[in-house]
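Each of the next two complexes has chain A plus one more chain, namely chain B in the first and chain C in the second.
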Partner chain A sequence: MGNRTIKVDYLARVEGEGAFKVVVRDGKVQEAELRIFEPPRFFEAFLRGRSIDELSDIVARICGICPVAYQMSAVHAVENALGITVDGPLRELRRLLYCGEWIESHVLHVTMLHAPDFLGYQGGIDMARDHGEAVRRGLALKKAGNDILTLLGGREIHPINVRVGGFYRAPRRRELAPLAETLKRARDQALETLRWVAGFDFPDRERDYTFVSLRHPDEYPFNEGHIVSNRGLDIAAADYDDHFGEIHVAHSTALQSRMTDGGAYLVGPLARYSLNFDKLSPAVQQAAREAGLGEVCRNPYQSIVVRAVEALHAVEEALRIIADYQEPERPAMAIEPAAGVGFAATEAPRGMLWHRYVLNGDGTIAEARIVPPTSQNQACIEEDLTSFIGGFLDLPDEALQHRCEQTVRNYDPCISCATHFLRLDVDRG
Partner chain B sequence: MARGEKKPRLAVWKFASCDGCQLSLLDCEDELLAVAGALDVAYFPEATRAEISGTYDLSLVEGSVTTAHDAERIQEVRRRSKFLVTIGACATAGGIQALRNFADVKEYTSVVYARPDYIETLATSTPIAEHVAVDFELRGCPISKRQLLEVVSAYLAGRRPVTPPHSTCIECKLKGNVCVMVAHGTPCLGPATHAGCGALCPSYDRGCYGCFGPMESPNAVSLSRRLQDLGMDAAALKRVYRSFNAGASAFRKESERHGK
Partner chain C sequence: MAGGGKPCRVIGLGNPERGDDGAGRAVARWLAGRLPPQVEILERGGEAADLLACLDGAGAVYLVDASAPTGAPGRIRRFDAAAAPLPAESFAFSTHGLGLGEAVELARALGSLPPHCVVYAIEGQAFDPGAPLSPPVAAAVAEAGGLLTREIAG
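What follows is the complex of A and B.
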C-alpha cells in the first residue's frame, strides 16, 4: 500500500478533456499532476484581424458552458479600450444574463456532476433512479437559468444578443413578467437544493488558500470590480500583469497562472464567497449559515454548498433586476472604433476571467489575451491532491481514485476553457 | 421498459470543440430522463464516469479532427458505432478552429504558447466526414435542441430525421419576421444559410451570421453583391463567410473570392 499510482486517463463529469496522475511513494503523495490534453484551438491567434463586432460571438465558442462569461469579459474590455461605460438598464440586463449563466452552470455541476461523488453514483442519470426528486428539482432550476439566457440571449448556448455597447434588442417589461413567475418557483428550488447538499458528508479538509476574486463596493461581483485577495491585493484589471503570470508546463496544452511571487491562488465560488460574504442579501447570508457555512469557507469539498448559495443569490438578483427593470431608450450605446488597449475581468461561474485586447483604429483586433479561471486554478488543484490525498491512502484503489476525482471536480474544471490554457494518473509505484 | 430488455446503446464522443453541442443534450431538462429511459447511456464522459465498452447503436460525435491521435481515434469510433451522427459545426465543417486552415499553424502556436514545442497539432481542422463515413449530420453552432431530440426520436422510431435543408429566410418568413436586410439594410447571411435555428438573429434585430453553415446550393455570389451594396468591403465579406463554418465548401469558396 505504500507505493501506488492512481491514474485517470479521461476524467469524467468535467467539461472537456483532462486527466490526472497521483504518485504515492512510501505512503506519501510524491507528485500530483493534472494534465490537459484537450487539443488547442488557437483563439488568441485567429482573433487578430477580426472586427470588434464579431468578438463576442467568437469568444463565446471557447466554452459551451460559460459563453456569457466570455462575451461579458470581451465587451467590457473593448468598452474599456474605447473609453465608454455601459450603465443603467443595459448594465442591469447584462447582470441578468450573467445570473442565467450562473444558475445554469452551477446547478448542472451541483446536481448532475458533483452530487454523484457524495452519494456514490457514476453520474446524475443513474443517481436519478434513487434520488429522482432531487434530480428533477435540479433540472427545473437549471432550466430557469436557461430560460433567462433564452429570453435575453436568444438561446442557452452561445447567445446571439450581446454586442459591444449593449444588446441588439432589449426586452420589453411584459416579456420579463412570465420569467419572474418561473424564478419565484426557482427560488424555492434553489433553497431546497441548498438544504439537500448541506446534508452531504464532507471530508474535513481545509487549506489556507490565497483567494482572488473581484470586489465591487455595492454588489456581489459579476461584471465589475477590483481584483482583490485575502492577502491585501487590491488592483484594477489593467494591473493584472504586474501581479500574476502564466507559465507553460510540459504536461499540458494549458497555461498555468501563478502570482508573480510563484504562489498558487484560488478563484471561483470559494474565493468569491469568502471575499464578498457581506455583499450577499441578509436572506442569502441566513440560508448560507443554516447550511453550515461560516463567512469564509476553506474546505474545497464544501464548494458544492457555496455553489448552491450562489445559485440562490443569482435567482434573487434576477428577480430584483426584473422587478426594477426600466426599458432602455436604445438597446445599445453608439460605438466609434478607435485604437487603444482595454482590459476587463468578470466573474465566470468558475472564477475570474481576464481579457486584454489591443484594438486598431479601424475596429479590428490587433492582439488578444485571455486568462480563464481553470488555468488559474490548476496549480491549486494539484496542491489539493498533494495535500489531501495522503490522508485517504487507507482507501482501496477504486475508492481512492473516486476521492481524487472528487477533489478535482471540487473546482468544476472547465477544460475547453483552460486549453490554451488540462489529464489523472495515481502512481503508487 | 422491463429490466434486462436490451435498449439501444448511446455514446457521445468529443473531438476539438467547445462542448456546447453535447451540452445541448443535458440542456434538454424536460426530456433528459426520458431519453435516458429509452437509451442506455453507454459512453458520455461529460455526464457519467460509467463506461460500457464494446459497440454502440447510436453515436453522437462532436468536434473536429485537429491532432494525429484524434485522426486515429475517429476510425475506432466509427468501427464501434452502428449509426454515427455528427453534431454541430465543428464536426460537420471543422468549426471556428478551421480558421487555421487559412493560416500557418506554427505561427498560431507561437502566438498562444510559450513553448510551442509542447504542442502537438495538425495544420488543419477537418470535419468528421473527411475521415469516416457519417450516417447523418446535424448543423449549427450549437445544434438546436429540437433537432437533436428529432434525431434521437427518429432513431428510436427507425425513420430518417427531418431537418429541412432550406434557407434561414424561409424560417424568418414562417415566423412572420420583418426582413432585416430589406427593412433596415442590415447585412444578413440568411439567404445562404441552412435552416434550423428558427431565424434567431433576425428575431433579435440583427443579421444572421451563418452559424448553421451553408444551405443546399446557396447563391453566395449574389448575396455578396447585395452585402457589398450595403457597405461591406472585401475584408468584411471575407470575414463574414469565415467563421464557425469557414471550412464548409460553399462558404470557404465564397470567402476566397474576397481575399486569401
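What follows is the complex of A and C.
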C-alpha cells in the first residue's frame, strides 16, 4: 500500500477533456498533476483583426456553459478602452443575464455532476433513480436559468443579443412578468436544493487559501468591482498583470496562473462567498448559516453548498431586477470606435474571468488576452490533491480514485475554457 | 394514435444553423398541416432540461434528430426508446451537457419517459456552420415525414 499510482484517463462530469495523475511513494503523496490535453484553442489569435461588433458572438463560443461570462468580460473591457460606462437599466439587464447563467451553471453542477460524488453514484442518471425529486427540482431550477437566457440572450446557449454598449434589443416590462412567476417558484426550489446538499457528508478538510474575487461596494459581484484577496490585495482590473502571471507547464495545454510571488490562489464560489458574505441579502445569509456555513468557507468539499447559496442569491437578485426594471430609451449606447487599451474582470460561475484588448482606431481588435477561471484554479487543484489525498490512502484504489475525482470536481473545472484541460493516474509505486 | 388520451408530441431537434444538424427540425416543419390537429409539433435545440420538460406528461412522443455520420447520409432509422436505450454511438454526446440519449435515460430514471417514445434518426453528412441540408439529407426529410405521418395515423 506504500506506493501507488492513481490515474484517470478521461475525467467524467467535467466540461472538456483532461486527466490527472497522483504519485504515492512510501505512503505519502509525492506528486499530483492535473493535465489538460484539449488542443489549444487559439481564440486570442483569431480575434485579432475582427471588429468589436463581432467580439461578443465569437467569445461566447469559448464555452457552452458560461458564454455570458465571456461576453460580459469582453464588452466591459472594450467599453473600458472606449471610455464608456453602461449604466441604468442596461447594466441591470446585464446583471439579470448573468443571474441566468449562474443559475444554469451552478444547478447543473450541484445536482447532476457533483451530488453523485457525495451520494455514491456513478453519475446523475444513476442517482436520479433514487433521488428523483431532487433531480426534478434541479432540472426545473436550471430551466428557470435557461428561461432568463432565452428571453434576454435570444436563445438558451451561446446568446446572441449582447453588444458593446448594451444589447441589440431590450425586453419590454410585460415580457419579464412570466419570468418573475417562474423565478418565484425557482426561489423555493433553490432553497430546497440548498437544504438538500447541506445534509451531505463532507470530508473534514480545510486549507488556508489565498482567495481572489471581485468586490463591489454595493453588491455581490457579477460585472464590476476591484480585484481583492484575503491577503490585502485591492487592485483595478488594469493592474492584474502587476500581481498575477501565467506560466506554461509541460503536462497541460492550459496556462497556469500564479500570483507574481509564485503562490497559488483560488477563484470561484469559495473565494467570492468568503470575500463578499456581507453583500448577500439577509435572507440568503440566513439560509447559508442554516446550511452550516460560516462567513468564510475554507473546506473545498463544501463548495457544493456555496454554489447552492449562490444559486439562491442569483434567483433573488433576478427577482429584484425584474421588479425594479424600467425599459431603457435605447437598447444600446452609441459607440464611436477609437484606439485604446481596455481591461475587465467579471465573475464567471467558476470564478474571475479577466480580459484585455488593444483596439485599433477603425474598431478592430489588435490584441486579445483572456485568462479563464479554471487556469487560475489549476495550481490550487493540484495542491488540494497533494494535501488531501494523503489522508485517504487507506482507501482501495477505486474509492481513492473516486475521492480524487470528487476533489477535482470541487472546482467545477471548465476544461474547454482553460485550454489554452481530465484522466486520473494514482501511482503508488 | 398512441398516447391514451394524453398529449401526443412530435419534437424536431437540432440546430438549423449547422447543416444537417437541422434535419429533425426540417421534418417538424414538413409535418406542419399534415398531422391530426391534436398532435403538437415542436422544434427544440435539444438542451436536456428543456427536452425533459417537453417529454413530461406526454402519452406519446416522436423525436426526430440527426445522427452521426457512418457513410450512409440520409439513412432513416427508427428506435423504440421506450423499450431500450438509444445507441450511444449514433447520438454523439456533447461535452457541453447532456445529449438526446442521456435526456431519454434521465427521463426513464425519473419515471417520466412517455409510455410510447419513438426516435427517428436521419444520418447526417456535413454539419458546417450556415450550410443548408446536404442533398441526401434534404431528400430524406419528406420520406421521414411520410413515415411519421403513417405511424401516427395508424
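We adopt the following convention: the second predicted complex is superposed on the first by the 426 of 429 C-alpha atoms of A that agree within 3 Å, B and C clash if a C-alpha of one lies under 4 Å from a C-alpha of the other, contacts with A are read in each partner's own complex, and residues count from 1 in each chain.
In this text, a residue touches a chain if its C-beta (ideal position, glycine included) is under 8 Å from a C-beta of that chain, and two chains touch if they have at least 3 such contacts.
Please read these numbers as outputs of a predicted model, since none were measured by experiment.
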- prompt: Overlaying on chain A: chain B and chain C, fit or clash?
  reply: clash
- prompt: Thinking of the overlay built on chain A, is A:247 touched by chain B (first), by chain C (second), by both, or by neither?
  reply: first
Task: Kindly classify A:302 by the partners it touches after superposition: chain B alone (first), chain C alone (second), both, or neither?
output: neither
Message: So in the superposed three-chain picture, is A:161 touching just chain B, just chain C, both, or none of them (first/second/both/neither)?
response: first
- prompt: Looking at chain A, does chain B or chain C touch a larger number of its residues?
  reply: B
Message: Quick one: is A:136 in contact with chain B, with chain C, with both, or with neither? Answer first, second, both or neither.
response: both
- prompt: Regarding the shared-chain residue A:376, is it in contact with chain B (first), chain C (second), both, or neither?
  reply: neither
Query: If you stack the two complexes on chain A, which partner ends up touching A:276: first (chain B), second (chain C), both, or neither?
result: neither
- line: Both partners, chain B and chain C, contact chain A at residues 15-17, 64-65, 108, 112, 124-126, 128, 132, 135-136, 139-140, 142-143, 146, 155-157, 416
- request: Report the residues of chain A in contact with chain B in the complex, numbered from low to high.
  value: 10-17, 38-46, 48-51, 54, 57-58, 61-65, 67, 104, 108, 112-113, 116, 122-126, 128, 132, 135-136, 139-140, 142-143, 146, 154-158, 160-161, 163, 168-169, 246-248, 250, 252-253, 255, 331, 405, 416, 420
Task: Would you mind writing out the residues of chain A in touch with chain C in their complex?
output: 15-17, 64-65, 108, 112, 124-126, 128-129, 132, 135-136, 139-140, 142-143, 146, 155-157, 416
- request: Please name which positions on chain B make contact with chain A in the complex.
  value: 14-24, 26-27, 29-30, 32-33, 36, 41, 44-50, 66-67, 70, 95-97, 99-100, 103, 105, 107-109, 111-115, 118-119, 121, 125, 141-142, 145, 197, 200-201, 203-206, 209, 211, 236, 239, 243-244
Message: Under the stated contact criterion, what part of chain C meets chain A in this complex?
response: 45, 47-50, 52-53, 94-98, 102, 105-106, 109-112
